[in-house]
Amino acid sequence: MPPLYPMKLINIVANITLEERLVDIAEAHEASGYTVLDARGAGSAGLQTGALDGESNILFLLLVPESKLDQVLADVEKLMKRGHHLATFVSDTQVLRREKFD
Amino acid sequence: MPPLYPMKLINIVANITLEERLVDIAEAHEASGYTVLDARGAGSAGLQTGALDGESNILFLLLVPESKLDQVLADVEKLMKRGHHLATFVSDTQVLRREKFD
Amino acid sequence: MPPLYPMKLINIVANITLEERLVDIAEAHEASGYTVLDARGAGSAGLQTGALDGESNILFLLLVPESKLDQVLADVEKLMKRGHHLATFVSDTQVLRREKFD
Amino acid sequence: MDLSNLLIPAVLFFALGFLAQAVKSDLKFPPDLAKALSIYLLIGIGLKGGIELAHADLGEATQAVAAALVLGLGLPIVAYVILLAGRIDKLNASAIAAHYGSVSAGTFLTAIAYLSAQQIEYETYPLIMLAIMESPAIIIGLLLARFSRGSQAHDAENARENHMGELLRDAFTNGSVMLLFGAMVVGLAVKPSSLDTITPFFGTLFMGALSLFLLEMGMEASKRIGEFKRVGGFLVVFGILMPLIGGAAGLLVGHYWLGFGEGGVLLVAVLGASASYIAVPPAMRLAIPEANPSYYLTLSLGVTFPFNVIVGIPLYHYLAARLTGA
Amino acid sequence: MDLSNLLIPAVLFFALGFLAQAVKSDLKFPPDLAKALSIYLLIGIGLKGGIELAHADLGEATQAVAAALVLGLGLPIVAYVILLAGRIDKLNASAIAAHYGSVSAGTFLTAIAYLSAQQIEYETYPLIMLAIMESPAIIIGLLLARFSRGSQAHDAENARENHMGELLRDAFTNGSVMLLFGAMVVGLAVKPSSLDTITPFFGTLFMGALSLFLLEMGMEASKRIGEFKRVGGFLVVFGILMPLIGGAAGLLVGHYWLGFGEGGVLLVAVLGASASYIAVPPAMRLAIPEANPSYYLTLSLGVTFPFNVIVGIPLYHYLAARLTGA
Amino acid sequence: MDLSNLLIPAVLFFALGFLAQAVKSDLKFPPDLAKALSIYLLIGIGLKGGIELAHADLGEATQAVAAALVLGLGLPIVAYVILLAGRIDKLNASAIAAHYGSVSAGTFLTAIAYLSAQQIEYETYPLIMLAIMESPAIIIGLLLARFSRGSQAHDAENARENHMGELLRDAFTNGSVMLLFGAMVVGLAVKPSSLDTITPFFGTLFMGALSLFLLEMGMEASKRIGEFKRVGGFLVVFGILMPLIGGAAGLLVGHYWLGFGEGGVLLVAVLGASASYIAVPPAMRLAIPEANPSYYLTLSLGVTFPFNVIVGIPLYHYLAARLTGA
């Protein structure tokens, strides 16, 4: 059985205009990469149907070792403090090949 | 470090025609919002290539506090009892800013 | 409350050309189904903007009982050994209706 | 029956898509493109139907509408009876049956391309009939399901939810129905000079866009072959038998009732023979959730559709020509 | 004011989309199609603007640009004052105000379709004005927000981040602004014979593609009605009042300043009356994150847009005809 | 070499996309639109190739096919040798090399637009050559990889998996190859009156759709600049050197072997100079997974493509004109 290693999965739902900012955060903390999915939805910022950029969400996924979690979340929190509408949630997960994500 | 709070993430894979029903469930239980992603796949209802509405899936994501989990799942279960093809799974997660999701 | 049963959720981020191979793995291990979402991102294989097949990711989701996890991961590991760029992570989750996924 | 008539772009692109999938090509079609094309094609048909309706003879149009209702309500009942005879359970039978009362726009448009390529004239009432047939097919499917549930006492909740009001509402607010009728109203209401501004988009491009759509639908049909095992031999046979029955009904209605010529009779045959895969599946998803979508999608998309495009259209045409003595 | 003039495809498809959503039809539009169509339409407008600019009289063009700047900078200030009077907080007021200095391309193009259907001539300077108005509207929105933050000392960080350089950069690198201006440059720079190769795509198809876009925008507008409760009565009233003010400003500018005829004056009125929902919302997302997008999207898409398409355009036209004595 | 010749829509839209990305505009292109456009363009080229093939002289066509094979098989070998000399590992060298035996449809079509804008005639055989060149390029890439693996004994499993049968199958069922050849067969098989029904879509719109595609590809190319660091100086230089070598080979083949005129020679030069970014990358993903996609995508999309569009085409044209004495 291939071994699995614990890792944190940060999930962020945000408007698509924030994609570059989130990529910047991933790069600033030297994450091994990131994944983006187009999404729609609704929340305190209203309905996000996905039809126009102003009302399109993304789901931004970031795998980081636990050691980086706090710093990344601190940067995400900064965006939220500025007023941006983000839904951020963190899950425990386990990866194949730890060295890819360190 | 920004604090994290436990929350339940309900994941539902369903045909796209059920999107409105799932939104209704989210609203009925006063979830703070919901997120929808387009998907394809296969299961007991056959191949879902995404090319036509009849064969398109969505992944519906719903963050709720543990206190609401049972009631939401009961409603999802009702849809399944009626015969709808849903794959439903629930994960533990942790959110930034609990007050957004209560 | 509808009962929940533990299950493993395998998440694989890969280039879209690998979709058929991943479906083959799911079928070889008699998974009840699978779910695919289009994605973009970046990693050791560079930027994946989603504009052309050569630079498009998918997020492949596979729910399996713990008993099948090792065998599935062994097959995914084989793809990685051949050089394919995959980000694979496994989470604990709980499903409604265990019999659907066994 | 000259097979070289099949050498039209729509059929060849369908075959190309089918082949690409069959040889496991890595050709991929973005899912949204198929959806965009189907919206476009439904609007295009609706507009054309509306423009024709503006010039139509009221008496003839009424007859055509009546014939559409008869086909749309009658064929599902025939299908249901055959399916029950084949030991398909009642709810799956209801859902499948509904598909055969409705029409495959892709098949119908291929028939039009086929006629145009041979410069055969055709009546335009079938365009209107196509739009009409969606709703009755959905309604009869729901009625059959209701009746099945009652007799099976299978699922009190679904039976209750589907009371008659909901049922009619769903049949008429179906997305495809709204596009077809809405565009028909636009075609009727707008004066020609104003319609001309959108004709380059919805008219001139139509056959090219259809080819692209059929390329993708060929791939979709081919993917469904993998599902034949799941669906079983009886249903696959049904998927070939039923279009022959529907086609025959259409030929008779087109010729003896409506008195159409060779082209028009062929089109009515195609209305009868083809099964919906755009409008009806989502309707059945909601209305008869107990039925397995794998059955009705495999049949309409994987069996009946390719059968009609490759074998059915030239066959019905041959018969239409014999009937009408053309 | 003959209401049959509203029977043009653009308006009818908008109404069809609105209706489909209102009756809870299961009609679905793939999200990427709407985005593709808006890119296409912006390029189409830009190209047309560039071609017109090539033939334009320099003096008149300068006047038109000046007028566009006045409207784009002035209307947001009017809006801001009204919103503050209605006790909307300053940052939401800034973000909403910015939308009203800019233009809804969908509304503007509907007005052009409306004029074409009645064979009314129009000056083409408004096409150039449309492109010009995006940036000032964004800039003034940011300036208002900056001023608001200063006075509220609400969020030092946002105030700092938005220094003047960034601010101008964002206003001119806005995606819609780049498409409009970029296409305008193409229209200006390329010689006609070479432009002809892309005219079938960006020109001939334009009105049809607009209809498809408006079908989807009708659905979007209708979905926003559910948000009225969240937004509150005052803002909904503002969403109808403000286009009347902007429309009046446009009428006056178009007639007294620019001296346009009936058609041109109507178009300037629409520039004033309409509110952006493509270009400005993403700009406000980044620049005024404290504002709630639900407010500005509901207003521009759910209130002002349908009001202008159904009521505004014929009203402004009636007034433009009276003003110009046509 | 008159630079104003570059003022054609295709090139300007490419530049606009490149610029938008370079200034970090928030302009976004829905990913599915790019994919839809590339499917459309491949079909359009294939159809045009098929129509031309129907009129082609058999002897000349055979020569063109032979020349395409020579370029498609030869250039990757040249590229491979250069890459090894630059100390690129063998598997990455194989994968990169394959791209240079194939063709960038976007570049080729830009060259056609460039010729059309100057009303320069061109032979149509290069259209057929383009379709031919995909498969040999893929095959030679796989053979090089196989050879590399053998000598490196690096990965027994991949070596085993890629036996010759699979290898040929993959090269001919490649999605782009199937679209090009499939559409070519349609263009050949369908009679002109029937082809006319799809010409408005696949022909008349072609250059406009190309412009939209190049707008997006300009953005994609620009995004790749951020990857130059990862890829390294040698490879970036290779991405400019190799098109010069391929272009020279194409010039010589086009003039001395095929005897084409100014236009045709330019097109053969572009076949040689350009590197695939639609067809070959997915093929290499599967066949040479050990190679890093970041290398070959950055080179073909981020270096060679913009170089050819901006510098290459006018340069090859200048040389083609000198060679042919036009």
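All chains are identified by letter, namely A, B, C, D, E and F, in their written order; residue positions are counted from 1 within each chain.
Keep this in mind: a contact is a pair of C-beta atoms (placed from the backbone, for glycine too) under 8 Å apart; a residue touches a chain by one contact, two chains touch by 3 or more.
In this text, all values refer to a predicted model and were calculated from it rather than measured experimentally.
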- Contacts shared by chain B with chain C include exactly A, D
- Note on the structure: Via touching chains, chain A connects to chain D in a minimum step count of 2
- Using C-alpha centroids, which chain lies at the maximum separation from chain E? C
- Top of the farthest list for chain F, CA-centroid basis, is B
- Taking all residue numbers at the chain D to chain F contact, is the shared part over half or under half, that is, same or different? different
- Task: Please compute the C-alpha centroid of chain C, do the same for chain E, then give the distance between them in whole Å.
- Result: 44
- Message: How many angstrom lie between the centres of chain B and chain D, each centre taken as the mean Cα position?
- Response: 33
- Message: Quick check: how many Å separate the C-alpha centres of chain B and chain E?
- Response: 36
- Query: Using the average of all C-alpha atoms in each chain as its centre, how far is it in Å between chain A and chain C?
  - Reply: 19
- Task: Would you mind listing the residues of chain A that make contact with two or more other chains?
- Result: 16-17, 37-38, 40, 44, 53, 91-92
- Which residue numbers or ranges of chain D touch two or more of the other chains? 24, 26, 28-32, 35, 175, 200, 205, 282, 286
- If two chains touch, include that pair; go through all of them. A-B, A-C, A-E, A-F, B-C, B-D, B-E, C-D, C-F, D-E, D-F, E-F
- Item | Sites on chain E touched by chain F in the complex | 30-32, 35-36, 39-40, 43, 169, 173-176, 178-179, 182-183, 185-186, 189-191, 193-195, 197-202, 205, 282-283, 286
- Task: Enumerate the contact residues on chain A facing chain E in the complex.
- Result: 15-18, 38, 40, 44-47, 49-56, 78-79, 81-85
- Query: In their complex, what parts of chain A are in touch with chain B?
  - Reply: 11, 13, 37-44, 57, 59, 70, 73-74, 76-77, 80, 86-92
- The residues of chain E that touch chain D in their complex are 7-9, 12-13, 16, 19-20, 23-33, 113, 116-117, 119, 200, 204-205, 207-209, 211-212, 215
- Task: Enumerate the contact residues on chain F facing chain C in the complex.
- Result: 29, 31, 34-35, 38, 91, 155, 157-158, 161, 175, 216-217, 220, 223-224, 226-227, 230, 277-278, 280-282, 284-286, 288-295, 297-298
